[in-house]
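After this come two complexes, each holding chain A, first together with chain B and then together with chain C.
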Partner chain A sequence: MPIPTLSQSIVITLIQCLLVVVFVFVVVPLTVFAERKVLGYLQQRLGSTRVASGHVGITGWMNRGMWKWGRIPVLSYWRGIPGLVADILKLILKEDVIPAKADKFVFFIAPALSMVSAVVVFAAVSFVPGVFFTFPKWFPFVGGLPVSGGIADINVGLLWILGVASVGVYGIVLAGWASNSKYPLLGGLRSAAQMVSYEVPLAISLLAPVVLSASLNFAEMSERMAVGLPFWGLVPQVLGFLIYLTCGFAETNRLPFDMPEAENELVAGFHTEYSGMKFGFFYLAEYINMTVVAALAAGFFLGGPWLLPFGLQGLLNPYLPGFLSWFGEPHAIFFAVKIIFILFTYIWVRGTIPRYRYDQVMSVAWKYLIPMALVNLLLAALVRCFAV
Partner chain B sequence: MEHLLETIGRNMFAIFGVLSLCGAAFMVASRSAIHSVLGFLFTMLCIAGCFLALEAEFLGMAQILVYAGGIVVLFLFVVMLVEMSKKSGPEVFQLQSRYAVAAVLIGAAAFVGVFRKVIFGSASAEALVLRPELAQGLNVAKQNAQAVSRGLFADYLLPFEILSVILLVALVGAVVLAKTERV
Partner chain C sequence: MFKNEEMEVNLGPQHPSTHGVLRVKLRLDGETITHCRPMIGYLHRGVEKICENQTFFQGQVWTDRMDYCSAVANNLGWAEANEKLFGITVPRRAQYIRTMLNEFNRLASHLIWLATHALDIGAMTVFLYAFREREDILDMNEAFCGSRLTTTAFRIGGLREDLPPGFEKLVTKFLAKFPSCLEEYENLLSENRIWKKRTVGVAKLSAEDAIALGVTGPVLRAAGVPYDIRKAFPYAAYAEMDFEVPTKTEADTYARYLVRMEEMRQSARIIQQCMDGMPEGPVMAKLPKILRAEVNEVYHATEAPKGEIGYYLVGEKGSGNPYRFHVRAPGFINLQALPKMAEGGLIADIVAAIGTLDIVLGEIDR
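Let's turn to the complex of A and B:
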């Protein structure tokens, strides 16, 4: 195995970053689309079926084309997909309004902060255990070098994830302040209180996998929780998984905890004054954060990229499509399926549970989730002490 | 190319140090309190970068988690509430500038007094290691958290616990003070 020089390893890291960004920008629009469709079906509607505005022009042409596609049974679910393109075009082309009394610098930097802190978390996530793929020999500059499954193999990766995720609150708070308007400020203050409080049970619930796996590295933790222990990591950690998921919903400001943008109380909360691509950045950051929470939940509690335990994989293998075996073990696909399932759960919960009142949100965090997370941590310590 | 990258890598600490000083200067110089908080946040992140450059990964991450993620958010919260209550304006900050200068001078004198030997003396040549036997059997670059925890929970357990009791006293005191006003 050749050892890469410094410039080669930087190029490889850039390629990994590019792959992660591609992954994010594939998953996020599909989540947005899935949200429209799934939410629609949960509420007995069809969800999005066309681009708005009529039968003329490009949109009319797209609508007619997609309507023809819709005759085919499965493809009919995808009839609304040109709407996504139209949405992105709208976000990019829309006029960028900055309120006259806004603090320009902070107003500009707030969406960037929330976007960056959402994406950077992926640095510590390992998508595939070990080597993802090796460049062929003929490849220029980095030929024959392996690309590992995660960008940075940080030995305190969990702390990196928690730390950077906690920086994300600045985006929302500063956006609320810089808009210099009533409702954004209220939304920003609410979100600061909510996110700081929910970080406590979130961190405690993630301590339980740390105790069980005796590591802080994402790859090692998911390996030990999935295959290293004599049992599957989810089994003693059902409570921890549920607590983590609840706190994750609150951290990403999703229903039933979307206090910062409760639209019937605060217009649109912290991003009321934002328009165009600056609003688009908040929108993207929210969905990237959802993906992050899903990736962590999958990695720490559902076994991450590892295959099924107890020989169940042998039962499943005959049903997997044959071309998967060309790429070796289907680790990346297993991870992606788990992430997508949790993203679906997000939408499912959004369609099912109504919003909490603000005081209820805080009391859920401090009176119920933190004691439950502590009990769960004790449980994990007992399991660690007697069963491992 | 390779040479340049290696030079940058070797001087990472200096780069982050200069950046953190820039952030600190921005924090002191800026007029708006929120801009000050932003400068402070930048400084904290750069100090975390300094720790990373020294291969103290655990400390760097704890710096981000505790300071950037926790304490500065509370600063921001308080500053936003203060600005809402009409007390803002230049006079509040200018009132204290005399005391601030005195405090900075005292702090600088104390810093020089404490670190005189480290900066100018013979100790500046060698790294400051309190008890190297603590890290025995550990690969400190790979097992940073283990090395720190061995120090905290085995060798310096009593000072650590006393410190946490002091923090608890401060917490309880803050709650008591806040409660009595409301009655």
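Let's turn to the complex of A and C:
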């Protein structure tokens, strides 16, 4: 394998970044779309089927002909797709109102904090261990060089993820404060308390995989949880998985824990005063955070990029025909499928259950989740001592 | 810098869960409500005064626009109050049809209550499920009188027209599927831990307080007082119907939820009985072209979905319109209980309290 020069490795890293950013910005709008459609079908309606502007203007142009898709079985599901483009156009073109009494600098910096911390987390997420693909020899400039499955292979990856993710809380708290308005203030206060509380059980529940895999590196953890344990990490860590997922819902402000933006109580919570693309950043950050939580859950508890649980893989491999043998290898697609499944769970839960009250949210965290997470950690330690 | 201050917040008049244009002045200590005063009047149109300048026949159109979620029940009260004023006897078939439509309307109103109450608490799927059934009821309204929401369903003296052909089939179809729909809502809510946490023991209103404040309807019955005008002072064809008045003693939001769910079952029972025992005959009494009142006053109360709706009418000799008209609107009087229910609770509880009172601002402000 050739050793890359400095400029070559910079280009390779940029390509990796591009891949991850493309993944994030494909998955996130599709999650928004899926939220509309899945929620729609859960509630016996169609979800979005058009851009609501008739036949005039840019959106009208996108809308034109879309209704015909309704007659085609599979395509009919995707009729609402132009709505996503219209949404983004609307967010970008909308007037950006800053309240007169707002703290302008903080008001400006808050959405950026939320957004940046959400995206940067992905640096430490490894989609597939080792090499994702190698450039062919004839490729100009970077020919023959490998592209790894994650941007940064940090040996304290989990620490990085938790650390950066918690910076996102500042975005919300500062947004609530800087708006200088009452409902956002309440929303910001709620989120400060809620997200700080839920970070504790979240971190403890993630300590269990750390104990089991004896590593903090995302790729190593994911591999040891998936391959080293029977049936991925899910069997010894089912409690940890549930705790983690619950805390993940709370950290991303999703129902049943959407206190900071509880629509029916606080109008829109911390982002009441935001409009245009600043609001868009909060909106995107929420969905990117969902993807991050889903990626961690998939990586640590659902076997990451491995398709079959350990044990089954060995039994099945001889019978897989040649072209299917890559089913036995770790692959980024399996990782993506698992992420999408957890994103679906988010929407599913949202369509099913009501919202907790603020004080109940806190009692769930402190009275139930933290003790349970500690017990789970003890369990993992015992497994580590005697089984692995 | 560290001042210990209470924060004043206006909940409404533009707020997602104030059911229209209610404004509640809140004083908050953190998230706890220390002071709560509902402010009303944003939807005031002067319905009562307008009705005094209209003939007795025309007035009914305005009753639609009070509680627009239960227009039929309002129409029934108005028609019966006028019939009492003029001493008109309504044919039996008309009474039955009125009773049936009134119960359908109770279902529609309770479904709206369930939908919005659940949405306020965060269960958004129930909202759309409930609206699905309400749609069928509105379709029946449309089949009967041509409009869906503001029905003007009845006439003084009976009905304008008999049931349309095929109406029976619609009713049978609805009644066949409705119990399973109710089960669907209850599966999502009744035993849901979060729903119970949000409603059990929340926004309590004891029977004494409820009576002292004049609260009626399901809110009163959930406090253990079995007062239902359909039983206490039967009107329309309710004397001939066999139904129960569900009560609970817990007097909290969850009890009100259970009471209203059971009321829906009873309403379905009444509709079934109306269909089975529907008498034949005319649907309109003989009336003069213009009703001219004697000097007379009348108060007629009926059980609207939200509580006792009373119509107070004063006639003037020889005049074609009422001399004085006043409505005892259940929402208006029930709303008085809001401070009692919400003070001391959290800000999320006032949303539950507004939902459980089942208010419609069109009726409160009139």
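The rule is short, and it goes like this: the second predicted complex is superposed on the first by the 354 of 388 C-alpha atoms of A that agree within 3 Å, B and C clash if a C-alpha of one lies under 4 Å from a C-alpha of the other, contacts with A are read in each partner's own complex, and residues count from 1 in each chain.
One rule holds in what follows: contacts are C-beta pairs under 8 Å (C-beta built on N, C-alpha and C of every residue); 3 or more make two chains touch, one makes a residue touch a chain.
In this text the structure is predicted, and so the values were computed from the model without any measurement.
Judged by the touch definition given at the top, the superposed model places A:Leu216 against chain B, while chain C stays out of reach. Once chain A of one complex is fitted onto chain A of the other, the partner contacts of A:Phe105 are limited to chain B, with no touch recorded for chain C.
Legend: residue contacts after superposition of the two complexes on their common chain; A:Tyr183 is shown touching chain C, with no touch to chain B.
Listed in rising order, the residues of chain A touching chain C in the complex are 39, 42-45, 182-183, 186, 190, 255-256, 258, 262-267, 350-360. By the touch rule above, chain B contacts chain A in their complex via residues 1-2, 5-6, 9, 32, 34-35, 38, 41, 45, 57-58, 61-62, 64-65, 68-70, 73-74, 76-77, 80-81, 84, 142-145. Those residues of chain A whose C-beta lies close enough to touch chain B in the complex are 5-7, 10, 103, 105-106, 109, 154-156, 159-160, 162-167, 169-170, 173-174, 177-178, 185, 188-189, 192-193, 196, 199, 216.
Interface of chain C with chain A (complex): residues 7, 9, 15-17, 28, 31, 118-125, 127-129, 132, 188-189, 192, 194-195, 197-198, 346-349, 351.
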